[in-house]
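Below is one structure, written out as C-alpha cells; the observations come after it.
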Amino acid sequence: MKITLNGELREIAAATVADLLRELKLAPVGLAVAVNESVVRRANYETHALNDGDIVEIIRAVQGG
Amino acid sequence: MKITLNGELREIAAATVADLLRELKLAPVGLAVAVNESVVRRANYETHALNDGDIVEIIRAVQGG
Amino acid sequence: MKITLNGELREIAAATVADLLRELKLAPVGLAVAVNESVVRRANYETHALNDGDIVEIIRAVQGG
Amino acid sequence: MKITLNGELREIAAATVADLLRELKLAPVGLAVAVNESVVRRANYETHALNDGDIVEIIRAVQGG
Amino acid sequence: MNSKLTIDGVELGSRLLFGTGKNVSFDTMKECIELSGTDLVTCAIRRVPLNESSGQNLIDYLKNVRVLPNTAMCYNVKDAILTAQLGRELLDTNWVKLEVIGDADTLFPDNELTLEAAKILIKDGFTILPYCSDDLIVCQKLEQLGCAAVMPLAAPIGSGLGIRNPTNLQIIREKIKCPIIVDAGVGTASEAAFALELGMDGVLLQSAVYGAKIPQKMAVAMKSAVEAGRLAYEAGRMPKKLYGSASSPVEGVVNS
Amino acid sequence: MNSKLTIDGVELGSRLLFGTGKNVSFDTMKECIELSGTDLVTCAIRRVPLNESSGQNLIDYLKNVRVLPNTAMCYNVKDAILTAQLGRELLDTNWVKLEVIGDADTLFPDNELTLEAAKILIKDGFTILPYCSDDLIVCQKLEQLGCAAVMPLAAPIGSGLGIRNPTNLQIIREKIKCPIIVDAGVGTASEAAFALELGMDGVLLQSAVYGAKIPQKMAVAMKSAVEAGRLAYEAGRMPKKLYGSASSPVEGVVNS
Amino acid sequence: MNSKLTIDGVELGSRLLFGTGKNVSFDTMKECIELSGTDLVTCAIRRVPLNESSGQNLIDYLKNVRVLPNTAMCYNVKDAILTAQLGRELLDTNWVKLEVIGDADTLFPDNELTLEAAKILIKDGFTILPYCSDDLIVCQKLEQLGCAAVMPLAAPIGSGLGIRNPTNLQIIREKIKCPIIVDAGVGTASEAAFALELGMDGVLLQSAVYGAKIPQKMAVAMKSAVEAGRLAYEAGRMPKKLYGSASSPVEGVVNS
Amino acid sequence: MNSKLTIDGVELGSRLLFGTGKNVSFDTMKECIELSGTDLVTCAIRRVPLNESSGQNLIDYLKNVRVLPNTAMCYNVKDAILTAQLGRELLDTNWVKLEVIGDADTLFPDNELTLEAAKILIKDGFTILPYCSDDLIVCQKLEQLGCAAVMPLAAPIGSGLGIRNPTNLQIIREKIKCPIIVDAGVGTASEAAFALELGMDGVLLQSAVYGAKIPQKMAVAMKSAVEAGRLAYEAGRMPKKLYGSASSPVEGVVNS
C-alpha cells in the first residue's frame, strides 16, 4: 500500500495507525497523527485503518518561538 | 411619489432624474446622481424614470484630504 | 555683639559657638557650623570665640536629590 | 642663519620675510606669515628682518569644514 | 532636478499630493494649492444639501490640477463602491483614493474591506490609490490586485505625529514595486522630507498645511521639503558612524 | 520668502553654511557651493608645504562667497589664537570659526578653552562663531562674551547621526538671543530641515554633502531642506495629537 | 507585588511568555526557562523525521510550565488549522498561538487569513492567542471573534529592533479590553519594560534571550524587566516637562 | 547575580542611588528607600531655620544607608566648597555630590566652575561625585582630576525626559574608566534599564520615584529595572537586523 507520509510517498505494510508507528519504530508517545487532514486521537490508533493513497502526518513538538 | 433622497424620505412630483433636479432647483452641473445604488450618467437624466420607493443620491465634491 | 547668622544680621549675647547654640535653643547634634567660611569642628564649639561682625552659618541635612 | 620654518629647523640665507618667500619660491599672495607667534602684515614683508632662532609660520587656506 | 513620479502612466509634476482643506476658505485653499506645486489634489464626495443654497462650487477652484476623489468616511464596501462610482461620474476620472475606514475615532483603515473593495473597483475599470496600514502583506496584496499605488499611513489621520514606523516603510519599499505614497500623519516639513528619504514616492498632505498657523508658508515649506527629501534619496546619504573623522585636514596644523 | 539670517550685521543670502570639502576636487567643491546657495563657506588654515609645488589655490575657487577661516585641529588656546590671526591676515576678514578641540577621536570641543580663546580674540577685534557643545551654560557664556553666534554640534563631526538632542537645542533657543548655527552631525536633508524647525538659525554642513554618493544632488537637497525647515518654523506647525480628526467631512456621506 | 495576568481564566505567574529556543541545547533552554520565571512557553509542531533516531523529546524538558503550541511557518488557513489540531492532540491543550505568515523574509502575519483561521478554530473549541500586526482594526476583529488575547508584533520576528511603533500599541491599549501580548521584536530588557509601561499585558520573547551572548543572564534580566515595566505602569509615571524643577530645596542655601 | 558597583573602594549593594525626596513625608521616603534597595542616598545642606521648631531630623530616618551630601543650588565655587565642608562635618563623610549650577530654570551644571571646585575639594581630601553635562571632555577632565565617578545628566533635573542623548553616554563609556552614574532625567523604569544597558554604572533617581502616583511601586520598579538593565548589559544583547529570521524551524512544517 502506498501512502504519503510526512510529505513523501512511501510503501508501507501497516494496516492501521498503530501498525504504522510500529513499522516506523516510533513509540506512540510525544507525537500526534493526522490522516487525510483529520487528527487521529491516540485512543484510535489501533482501530484507525489506513488506505492506499492516504495522506499521513506524524508530528512532534520542537523548539520554537 | 415617495423616494428616499439623500437619506431622507421625500414626496416628489418629478418623473425623471432631470425633472427632479429642476424640482430641487439644482443645475445639472457639478453634481452626480445615483438611483438605487447605480450611477445615472448625465446623458440619461432626461430619460431615466423615477419610481416610487427609489433611493436617490445626489452628490457633489467637497473639501477633504 | 552683632553677627550675620544664616544670612541675617542678629544681636547675640553668646561668646562662643556653643553659647550661641544654647542661646538659639539648638541641640549640638544633627547640625554643623561655619564661622567666616570655615567649618568649626564639633569638638571646638566650646572654645571657638565669636567676634563682632562674624558671619555664622548653622546648617542641617534636608531632603534633596 | 637657522630658523624653525613650519615646524622644521632650516638653514636660510634670507634677511627678511620677503627674502624668505623668494628663497622658497613662494609668491606673496594666498598666504600669510607669522614670526615668533606674531602675524607679519603683508605690507611689512620687505622690512621685517629675520633673526637666528626665529620661529616662522607660512600658511594658506585649505579645504575644511 | 529629481526624477518624476508616474502613476498609472501619468507623470505628475510634483511628489506632493494635497488635500483641499478643512475649515479653510476656497481662496486660501487655492493659494496653498498653487504654492505647494502639487499636481494632484483630493476631494471628498458628499450629498448635496437640499435645504440650503449650494454656494460656490469646489470644482471651480480646481481648474489647473488633477482631482482625485476619495471615499473618506465609508465604513463598508458597498458605500465605498457607490461613492467611487459617483466620484468617477462627477469628476470624469477613473482614479479614486479608496478609503474603507474601520474605526471612527482613529480613522484607521479596514484593510480587509479595502482589499475587497479594491478587487471590485479594479474589475470596474478604476485606477485605485488605496489608503492602508503600513503593513507589508496588505501592500503586497493591493499591488497584486493591480492598484496603481499604495498609500500607507505614517501616523493617524490628523495627528501630525510624523513617521511612526520608518522600519515598516523601509521594508515595504524593499519589497514593493508600485509607487508608495505616505498618506496621513506628516505634521511638518522635515517629516515629509524624511518620508521621501525612506524611498517613498510621494506624500499626501492635508492637516499639516491647513492646520499650520500660516498655511501659505507651510505650503511652500512642503514643496521644498518634498524636493529636498527626494533629492537626498537619489543623492545617497553619507554613512552613519558613532563618531566621524575630521572635516578639516589633520596635517599642517599651526602648533607650538 | 523666509526671513534672512544676519550675523554681526551682515545679512546672509542663505541659512546654509558650508565647508569647502574633504577628498573632493576643487571643481566638485565649486559646483556644490553654487548649487547649495550658500553665502558663507569655511576653510582651514594649514602650513604651506615647502617641498612640493603648491598647485592651485583654494581661494581662487571661492570668489563669490564670503570665506570663514576656522581653527580646526587646534587643541590649545595659543594655537587657536595664532591660527585665527593668520586667517584674518590671509583672508582679510575678522570673522573666525573658533574651534578648540578636546579629543582627537571624537573632535568634541573643549568648551573651557574655547571660552578662554573667545575672550582673547574678541578683545583683539574678532567676530567669533564658536563651535561648542549643545550646552546652555556654555552658549550663554559665549553670548555674554560677545560672540556673534554660537555653533553647537548636533552630533560628532563627520558622524552623520543627525540631531542627537533636540531638547538641548530647544532649550538653548528659548534662552539665547544670538544666532544659533548647528555645526556638525547633520547627515541628510530631513535633519537639516529639523534643525531649522527647532528654531536654529542655520546649519553648517560638510560631510553630509561631500560624503553623499552624488554630492551635487545633496547640495541642492540641502538648499531646499534649509528653506523648508525655516519656512515650517515660521509657519508654525500644527499641534500633535495621539489621533486626530477626520480630514474629510463626517456629514453627508453616501451610506446605506 | 504587581497584578497578575489572566488569560482565558488561567492566572499566570509571570507576564513573560517565552519561546523554547533556537540553536540552543535543551539544557540551556531549560535553565533559561527556569531563570526567566515564565509560566507559559511556546513550541512549534513539526513532522517527525523518519530516517533518523529521534533523540530526546522536547516535551520532557517542559514539565513545570504550561506549553503553548504555535502554528509557525503556516502560510494558509488549512495548514494552520491542521497544525493547531495536531498541537492540541499532542499537548492536550486547547490553547494555540495562531500564526498565519504572509511573507517568508519578514515573517509578517497575513492578518486576513489569521482572522479566517481564528474564526474556524474558535468554533472548534480552541483558545486563540493570535500573532498579528499592531493594527487596531485587526485587533478589534480578533477580540470580537473571541480570541483570548491579541499578540501584535513590536518589530519583525528575530529583528531585535524593539518597540517600533509605541503610538499604535498605545491606541490598541486604549480601545481593546482583552490581554495584549507583545509578540516579536523585543531585543533587550529596557524594551520589554517599555512594552509593559505602555500597558501591554505581557511580552513573548525568544531571540532576545537565546540570541544574547549569555542567555542565562538575559533570562534573569527579562524577568526583572517585565516586573519593572508592569510596576512602573501600575505606579503611574511622573509627568514629562521640557525642564523640571529643583530636586533639592531652593531656600536656605548657604551663600555669600 | 550582576557585578557590584564600587566607588572609591566602597562596594555598594545596589546600582541605584536615590534622593531623599521632595514634597514627601519622611515615612514615605523611608519606605521608598527600603523598597528601592539603594545603598546610597543624597541629601541637601540647608540653613537651620531659626524661628521655627526644627521638628524631626532627616538623619534619623537614614540609619541603614550611606548618606551623600550634595551642594545643590550652589551657583559659585565658594558656596559649593563651604557647603561641601559643612556636609562633611555634619555627616562625617568625605564623599560629596558636587553640583555647581549655571542656570536657575534648567539647573544645568556650570561645568567650568564644577571643574574648579572639584580641583579644590580633591586637594582638601574629598571624594567627589560631580554632576555634569553629558560632555566627554568635561568627564575626562573630572576623571583626570581624580573624581571618584562622573555623573552626567540624562535630561534636565526633574524633567522625566529619559536618556536624551544615548550617543554621548555611549562615547563617554567608551573613553572613561571611572564609574559613570546617570544623574537626573530618568522618568520611568525602562529608562533606568536603558541607562544601565548603555554601560552606565548606576543611576541617581529622585523625581521619577517621588513624583509617581504610587511612589512605593515605582521604587520597586526601579530596583528591578536597574538590575534588569545591568544584567542585560552583562548578558550582551542580540544584534539588531531590519528583519530577522524565523524563530521556529522552517523545515518539517505540516503543509498541503
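Before moving on, here are some points about what is shown:
Think of it as A, B, C, D, E, F, G and H in the order they're written, each chain with its own count starting at 1.
The criterion applied here is as follows: a contact is a pair of C-beta atoms (placed from the backbone, for glycine too) under 8 Å apart; a residue touches a chain by one contact, two chains touch by 3 or more.
Just so you know, these numbers come straight off a predicted model, no measurement behind them.
With steps allowed only between chains in touch, the distance from chain B over to chain E comes to 1.
If you compare D-F with A-H, the chain pair joined by more contacting C-beta pairs is D-F.
Relative to the C-alpha centre of chain G, the farthest chain centre belongs to D.
Inter-chain spacing, taken between the CA centroids of chain A and chain F, is 72 Å.
Inter-chain spacing, taken between the CA centroids of chain A and chain D, is 94 Å. One simple way to say how far apart two chains are is to compare their mean CA positions; for chain E and chain H this gives 46 Å.
Residue positions of chain C touching 2 or more other chains, listed in rising order: 6-7, 34, 37, 57, 59, 62-65. Shown for chain E are the residues that touch two or more other chains, namely 19, 22, 44-47, 70, 72, 78, 82-83, 86, 105-106, 156-157, 159, 161, 167, 171, 206-207, 242-243, 247-249, 252, 254-256.
By the definition of touch given earlier, these chain pairs are in contact: A-G, A-H, B-E, B-F, C-G, C-H, D-E, D-F, E-F, E-G, E-H, F-G, F-H, G-H. The touching residues of chain B, when paired with chain E in their complex, are 5-8, 24, 26, 30-34, 37, 39, 41-42, 57-65. Residue ranges of chain E in contact with chain F, taken from their complex: 1-2, 19, 22, 44-47, 49, 70, 72-76, 78-79, 82-83, 86, 105-107, 156-161, 184, 187-194, 197, 206-208, 211-218, 220-225, 227-232, 234-256. Touching chain H in their complex are the following residues of chain E: 167, 170-171, 242-243. Chain H meets chain F in the complex at residues 102-103, 105-106, 108-112, 115, 133, 135-138, 140-141, 155-156, 159, 161, 164-165, 167-168, 171, 175. Of all residues in chain G, those touching chain A in their complex are 19-22, 24, 29, 42-48, 50, 54, 57-60, 67, 69-70, 72, 78, 82-83, 85-91, 157, 204-207.
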